[in-house]
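In the two complexes that follow, chain A is the common piece, with chain B as its partner first and chain C second.
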Partner chain A sequence: MHDLQAYHYLYVEDDPLSREVMQMIMGTAMGIETLTIFDDSSNFMERLQGLMVPHVILLDIHMKPHNGFEVLDMIRQDSRYNSTTIIALTASVMNEEVTQLRERGFNGAIAKPLSIQAFPTLLRQILEGQAVWHIAD
Partner chain B sequence: MKSIVIDELIDSIEALDMVAPGKLTLAIQRLNTEDVALLAERVHHENRDRSWKAAVILSYVNHPVTLETMRQLLTANHPFLGHIAFDTLERYAPDEDIQTFVKALPQSIATLQPRLVRLIEKRGDKRAIPVLMTLLPKAKSSLLRLTIIQALGVLGDDEVREVIEGYVEDDDHHVRKRAMIALEQLTPSER
Partner chain C sequence: MTTLLHLTPYLASLSISLAVGAYAWQHRQVAGARYFALYALFQASWTIGYVLELGTPSLQGKVLWDDFQFIGFIYSGAPMIIFALIYTGRPIKSTRRLWFWLSIVPVVSLALVVTNAWHGIVRGEAWLVEDTPFDVLYYDFTPAIFLMGAYAIGQSLYVLVALAHYFFKSQYIYRRQVATIFVGGLIPVLGGFATFGGLTLSGQRDVAPVTFALGNVVVAWGLFRYRLFDLVPIARDMVLENMVDGVLVLDRERRIVDHNPTFLRMLRLSKPVIGKKTEMAFSDWPDLLNRFGPLDQARERIEVPREDGVIAHIDVDITPLTDQHQQKIGRLIVLRNVTEQVEFQRALEQQKSELEKLNTELQVAWDAAKAADRVKSQFLANTSHELRTPLNAILNFAQFLAMDIFGEINDQQRDAVDKIIGSGKHLLALINDILDITKIEAGMMHLFIEDNINLHQELTSVLASVETMLVEKPIRLVTDIDAELPTMVGDRRRIRQILLNLLSNAAKFTAEGSITLSIKKRQTDILFMVSDTGPGIAEEDQQIIFEPFRQTEIGVRQMSGTGLGLPITMRLVEAHHGKLWLESEMGEGSSFFFTLPVQSEALLELMKTEAEV
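Our next item is the complex of A and B:
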């Protein structure tokens, strides 16, 4: 059983409302004190390298200036982050995007808007290696 | 249980119990109808801390009083209460009248609105269209604009076309893309 409070997390998201929800879920409801949030993907690798290596990176897919796929590629090119779990967060309900997320190397995907009660379970399942591609309810 | 025991139970609640009810399981099994009514009273307590803690306990009790309380909480001005209410109604009242959610939508807190819109879309009730149309121009969050446009694309017809066309030039790339998809989904005009 993973101790979710023991991990370091990074969330990259340019939508303020989504950031607020994540703070509420991870910070308050899950009691995680090790969540860092970037409010866009500019200078991403430079900022990432300034942090302790995160166990989990949660990436919004549709953000600027680099979208989630581009950010994923940057991370995967740096061997320091080989063991980091990278999860896509998307409001898309299109099946082709699910296929793309899987093929490009994300470890899982969770649909936005997020549910307080469902998110911790989905996160835990992804960390346990289960196939979670939770795009459409 | 006596009210003093209920209050002790409420005071024992932590935020983590919202997502992991394990320690509450035994206490919840012992609750009777009178206890549930007491908890519902505490939800409306002036003390906001006690209010959300009571709501967390109630959220794990499948009872008519719980459902009625949660309907009221959908519009609560508190960061958790609306979400707790939404999850509880989804869990225990999957056939809840969609009008409960449609009516709550304009008054609910911003973080809950995208979830309400997604539910309304899934339930496919066209009575939500006027509410969605009113909310869309006020939506500052790209996530909320996106979910509303997506719902209008599924639920709407030609009457929403002009409104959605206004979003094909939205600042947000994803909203623009969703507006284009929604326009394709709408029934073609017979004019």
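Our next item is the complex of A and C:
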């Protein structure tokens, strides 16, 4: 059983409302205080390297200037983040995108809209190494 | 011994005649050869008659053998003439009829010879002159004998003239053969003149049989040397005359030695050209003369306008002709009309370039279609994202309100928040449906195939959702599901979607009664049935409901749904290589059936290729 509150989290998201929702779910509902949020993906690596190495990075896929896949590639090139769990958050219902997420090296995916009830469970399952490629019904 | 010595020339002549005859007979399948054999046989009979006449001591016996010689003497002209006609290629309508006419004089003559004792027309009084070793038969020549001799010589002369004529007409390589036969025929004629002129061999003996021998020696040499019956000139003429290629033979001085009719036709020449210099004969074709006149060897394709103005394509092939000492003696020019071939090739090439053009166009269209596909795909992804992002915020914030995260809300507010959440979820479902059908119609729906789907596990969440829909309705949910179901291959989420669509339709349209879900394992697939006790579907509507955006009247009255659920469901089943059908009557409820394969190579293949996307 993982203590989710003990981890450091980074969320990268360019939609202000989505950031606010995540803040509500993780901060308010789950009581996590170690969540850092980037409001876009510019100068990503510099900003990442200014942080403590996060345990979990949550990446929005559709964002600018670098989309989620590009950001993932950048992180994966730096060996310091080898043990970091990287999760895709996407509003897309496209199966083909899920396939791509898995192939490109994400550790898991959680679909938007995030469910307040389901999110902690899915997060925990991914951290335990389960294959979670969650697509909203 | 001396006797034999005296007979030697005649016996030699006899054997040569017989040998030549046998040789010709061996080649009797060659036109004319059998007549030459007959000719040789008549000459041989003449010689035999003469040898026997010499060898017979009595006057009576000698006269008898002299009579016998008349057969060869008077009859040998007939086969010789027929042979010459065939050899020189003269047209003969009927050999049999010709033989008949040529036989009239010999038959009459022989009749006179046989009956000579009564009338003495052919031979007057005969007597013996003593000589060593043979006595010689003498008799006075009558006018009849002179006439017969004239007839025989006339025939021989006719043959000689025909041969001479043919000599000048025929081509270089055949001339020696013709000349040889000519000389071979001439010698006996000279012998005949000599005989009538009184020339005798020593001892008063007849010169004619010896001239046959001489003539036959020449002919025999010609036959073996030039293989007369192996290659009859007429055969060569026939080939040349009927050839589709034009043939022209020139000598060293560029004079025309031979040509065939095709050659003249090809160059539209009508006047005879044999013997003319090429400059004269082809004065209408200065270009060709300039181009090919000096060439000993060439192989080129030229264009020649035909009479009707159409361009003919002709291959010109020039080869030098040499004699056995490799001395140049002329040139052989062959013209071959290749117009059809050239036109065929041209048509082929045109077709090829048209095909290539079409191919390029197709490639362009294909590329455009693929580009359009990418644009569409991108558009769908964007639309999905753009529509859902704000909707997600609406749903999430409404949820936060409902969970009292922003403080406790009163009942009226809660009711409003629940309606926001309900409508939001409905809108989300609509967006998903529209995106689904758009992807399906665009052929861009990809299944996310797994090969270890546990149906029971998937059913749990599906049935839970359906039960929440039925909470406030007097409807029983009945399940009849095989306890043991194999793990199956397919898209887990889409299979759930199929079941949920059919079950929620049943829940939507059924007022009371029951909804039954039955799942049965069959040999290679699984049969699903969702039936209800709803209003049923009229037969005329049973097709319509599977078309996008079409609903039945009852469906429209329901004021919910998009008319997309069934079309999507149908296509999802088909994408899984299953079948979907329905049985329904108005007032009797509806039963939807569908099958899904347990294992499917095609789907497993899709699972592998998915990984490459």
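General observations
Here is the rule we use: the second predicted complex is superposed on the first by the 137 of 137 C-alpha atoms of A that agree within 3 Å, B and C clash if a C-alpha of one lies under 4 Å from a C-alpha of the other, contacts with A are read in each partner's own complex, and residues count from 1 in each chain.
Rule of thumb we're sticking to: a residue touches a chain if its C-beta (ideal position, glycine included) is under 8 Å from a C-beta of that chain, and two chains touch if they have at least 3 such contacts.
Source: prediction; values computed, not measured.
On the shared subunit chain A, the superposed partners chain B and chain C overlap sterically.
Judged by the touch definition given at the top, the superposed model places A:112 against both chain B and chain C. In the superposition on chain A, A:98 makes contact with chain C only, not with chain B.
In the overlay built on the shared chain, the residue A:125 is in contact with neither chain B nor chain C. Touch criterion not met for A:34: it reaches neither chain B nor chain C.
Only one of the stretches 205-213, 421-429 or 475-483 in chain C has C-alpha atoms clashing with chain B after the fit on chain A, and that stretch is 421-429.
Common to the chain B-facing and chain C-facing surfaces of chain A are residues 15, 17-18, 20-21, 24-25, 28-29, 62, 91-93, 112-113, 115-116, 137.
Interface residues of chain C, counted against chain A in their complex, comprise 380-382, 384-385, 388-393, 395-397, 399-400, 403, 405, 428, 432, 435-436, 439, 445-448, 491, 493, 496-497, 500, 610-611, 613. Residue ranges of chain A in contact with chain C, taken from their complex: 15, 17-18, 20-21, 24-25, 28-29, 62, 90-100, 103, 112-116, 135-137. Across the interface of their complex, chain A is touched by residues 14-16, 18-20, 79-80, 83-84, 87, 110-111, 114-115, 118, 122, 140-144, 146-147, 150, 172-174 of chain B.
Taken together, the chain A residues at the contact with chain B in this complex read 15-18, 20-21, 24-25, 28-31, 62, 64, 91-93, 112-113, 115-121, 137.
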